[in-house]
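Both complexes shown next keep chain A, but they swap its partner, so chain B is in the first and chain C is in the second.
On to the complex of A and B.
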């Protein structure tokens, strides 16, 4: 099964939401849309769902044009950032609701709800109302409702956005496994590069309503086509430095991911920069150290919790093998193979 | 180690305690005091126990006023709640019309109660009122000062005009708080307009409706000013509701003892019925993490 978008354009009140978007999504693999807020992810999902029609362009499903087919006739499922369940239905009835609408027999409904609810670990709370569940459990119910109906297309719009850190980690690991068993085309929108990396599969990077790069997630991460791709697919943002400051010829500027800026020498070829700390922040299980060197800001991401004070003198070590060289217009020059991410 | 108790916190509670005492407890106790005594003036009081309570509870006059009151509140709730929901659903969600609709809706709520009474008293008169004149011109037999059904209809329409807006505004606020994703989900599921209302909007409005029902019940059950201005409780006793009867008893006849007993019974009925509404409407809700 394939879902294809051809030259999709969408403007609302003179503002461009999507511009010439062409992309293709396949079943059996996780398809991620990655981009910051207002990059057009939700607009794209709404078009895929049939909730909005594009101004121009076509949506094709297995070569059939479905551009003007309304949402309810598309056999799709949609999971939102908010936990959307029918408030007056029990968990069981919530999961069973799409099957009931489709006229599935009672015994089959029972079987399917049982199977999917144990897969999502909510089988002990089938008689409860959504409001009696925690946020994570409510989202599991919404996911179960999306999975139970064997939809052709499952669209997920930042489904983990409203969950706390721990639940997000937990579900992130479960999601690819859950969707692997379906025959549906899964499209997953997220703002978080880290999440996209963990989910794997294929990715399309969106920025200001345009697809700026697409392909297998790891390839796109390792070989950004231009500065914009590298900036979109990096959290914290990638360090960009003038090539001549690092004494590198044949390039205009150099991108170095924060994870590749080390505080200890790893390699004899490492370039050493003297820097002083401007800020250090601890996020989750990592520490981001912001420092000043060569008259510009550098961001280093190191594993674990470390303490730095503003003004501390540190040395930054950069391995040229990890450099991503860009030309004057921001396009990537021949990439040197990195040893990993 | 034994921790020494600090009694200073009582001083922090004291202002609230005094405020509640003067605003609620002391006036209420005065009423309780009157309700168990008789007085012949001269500040002389005689203990009568529960006599006034049994007199009120057994009086035909109280029963009929209570009956009228219950009927009135029931009609008001049956009209204003569905009508309020309906109008709230029809108000646009965005655009310039939103503020216009909301301001128009809020207008009746801003008019003092006795002015509302006066407006409708004049509006419905045959000689100088537009409504009364038009009805007479159309040959409709309508006279709220003589016909009790007409008097009821007038007061009910007046109350609906005055207070449906409150239900509308509450429901509109409730509807606006439903995330758009619910409507998208309903669209994807192919839910009909009715199913969307029944399974998404109505359950999401439950909390707001509880407040609307309680407010409208309590207010309509204690209605005084508007019928007093329009009909004065008449014709006959047709629109003599509990509060009108109470005032007649307390100020007209100066029967302070029975009137005090009446007030307490009245108060307990309002409390009891509000509790009943609350219990029914929050049943099956269970422990809620979020509303």
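On to the complex of A and C.
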């Protein structure tokens, strides 16, 4: 099964939401849409769902044009960032609702709801109302409703965005397993590069309503086509430095991912920069150190909890093998393969 | 704390005085009412109530009022529910102006509309019918019900509508089975306001009726007989008029504050 978007354009009140978007999503693999807020992810998902119509362009499912087919005739499922369930229905009725509407027999409904609810660990709360559940459980109900109907297309719009850190980690690991068993085309929108890397599969990077790069997630991460792609697919943001400052010829600027900026020499080829700390952030298992060197800000991501004070003198070590060189117009030049990303 | 409680007791007592006095009068004979001051009836009697329940001129007033109030509440809600849904979910040209204009209808005194309604309904044969009063009251109740319901509906995420659409529900099934249960308190409050306005409104109801659909409020203003005012019966009718409103308030008591804020709490 394939879902294809051809030259999709969408403007609302004169503001361009999507511009010439062409993308293709396949079944059996996780398709991720990665982009910052207002990059057009939700607009794209809504067009795929049939909730909105594009101004121009076509949506094709297995080569059949479905651009003008309404959502209820598309056999899709949609999971929102907010926990959307029917508040007056029990958890069981919520999960069973698409099956009931489709006229599936009672015994089959019971069997399928039972199976999917135990898979999502909500089988003990089937008689409760959604409001009696925690946020994570409510989102599991929404996911169960999406999975139970064997939809052709499952669209997930930042489904983990409103969950707390711990629940997000837990569901992030479970999701690829859950969707692996379906035959559906799964499209997952997220703002977090880390999440996209964990989910794997294929990715389309969105920026200001345009698809700026697409392909297998690891390939796109390793070989960003331009500065925009590198910036979109890096958290914390990639360090961009003038090539001249690092004495690199044949390139205009260099991109270095924060976790490739080391505080200890690892290699004889490493370039050493003297820097002083401006800020350090401890984010759970990592520490981000912001420092000033070569008259610009550098961000370093190091594993573990480390303490730095503003003004501390440190040395940054950059391995040229990890450099992503860009030309004057921001396009990536040939990349030297690094040991790991 | 004690002072607050004492103040409250006095305040409630102050509010209850007219109600108590009405009830007190309804249990007295006319002679006792006119004979002088007494805090409670010396010879309590239910004669006044018996008069009302046995005289068609009286009890039909209640029946008529109940019919047109019920009709009005049903029509108002049936019209306001889809209108409020449209205002809460869709953007269309002039929607905001129309929404405000709806409420501004309530700013005109009912007397303004009495003449056109009377002339119109007389000419099309609706004069002295229950539906005439029910429709006339819609002019005031529909806008109010739309305002209240729109507030409640806007509190329901639009994504629920879309999820139902994706799940395959027809619009009717979604509206009746999923959406209406979510705004049931709003529907209750809107029904309450429609009921209250229609129940207490006198001018339009009296002008548009003469015999067959005469409301209780009109009957009460026509109790002057050759022997003067029938105080006791009038008081008993007053007590009976309060009861339906009290019952309705009991049912919506938990949602009334949100209703007064037009659902925007």
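Definition applied: the second predicted complex is superposed on the first by the 341 of 341 C-alpha atoms of A that agree within 3 Å, B and C clash if a C-alpha of one lies under 4 Å from a C-alpha of the other, contacts with A are read in each partner's own complex, and residues count from 1 in each chain.
As a convention for this text, contacts are C-beta pairs under 8 Å (C-beta built on N, C-alpha and C of every residue); 3 or more make two chains touch, one makes a residue touch a chain.
It should be emphasised that the depicted structure is a prediction, and the values quoted were computed from it without experimental measurement.
Taken together in the superposed arrangement on chain A, chain B and chain C clash. Shared-chain residue A:71: touches chain B and chain C both.
Looking at the shared chain after the overlay, A:115 reaches neither chain B nor chain C.
Of the two partner chains placed by the overlay, only chain B lies in contact with A:132; chain C stays clear of it. After overlaying the two complexes on the shared chain, residue contacts for A:88 are found with chain B and with chain C alike.
Among the candidate segments 3-11, 21-29, 39-47 or 111-119, the part of chain B whose C-alpha atoms clash with chain C in the superposed model is 21-29. In the superposition on the C-alpha atoms of chain A, the part of chain A touched by chain B in one complex and by chain C in the other spans residues 49, 51, 70-72, 76-78, 80, 82, 84, 86-89, 97-98, 101. Residues of chain B that touch chain A in their complex: 179, 181-182, 184-185, 187-190, 199-200, 202-204, 285-291.
Contacts from chain A toward chain C in the complex involve residues 49, 51, 70-72, 74, 76-78, 80, 82, 84, 86-89, 97-98, 101-102, 145, 149. By the touch criterion given at the top, residues 157, 159-160, 162-169, 173, 178, 181-182 of chain C touch chain A in their complex.
Contact residues of chain A toward chain B in the complex are 46, 49, 51, 70-73, 76-78, 80-82, 84, 86-89, 97-98, 101, 128-129, 131-134.
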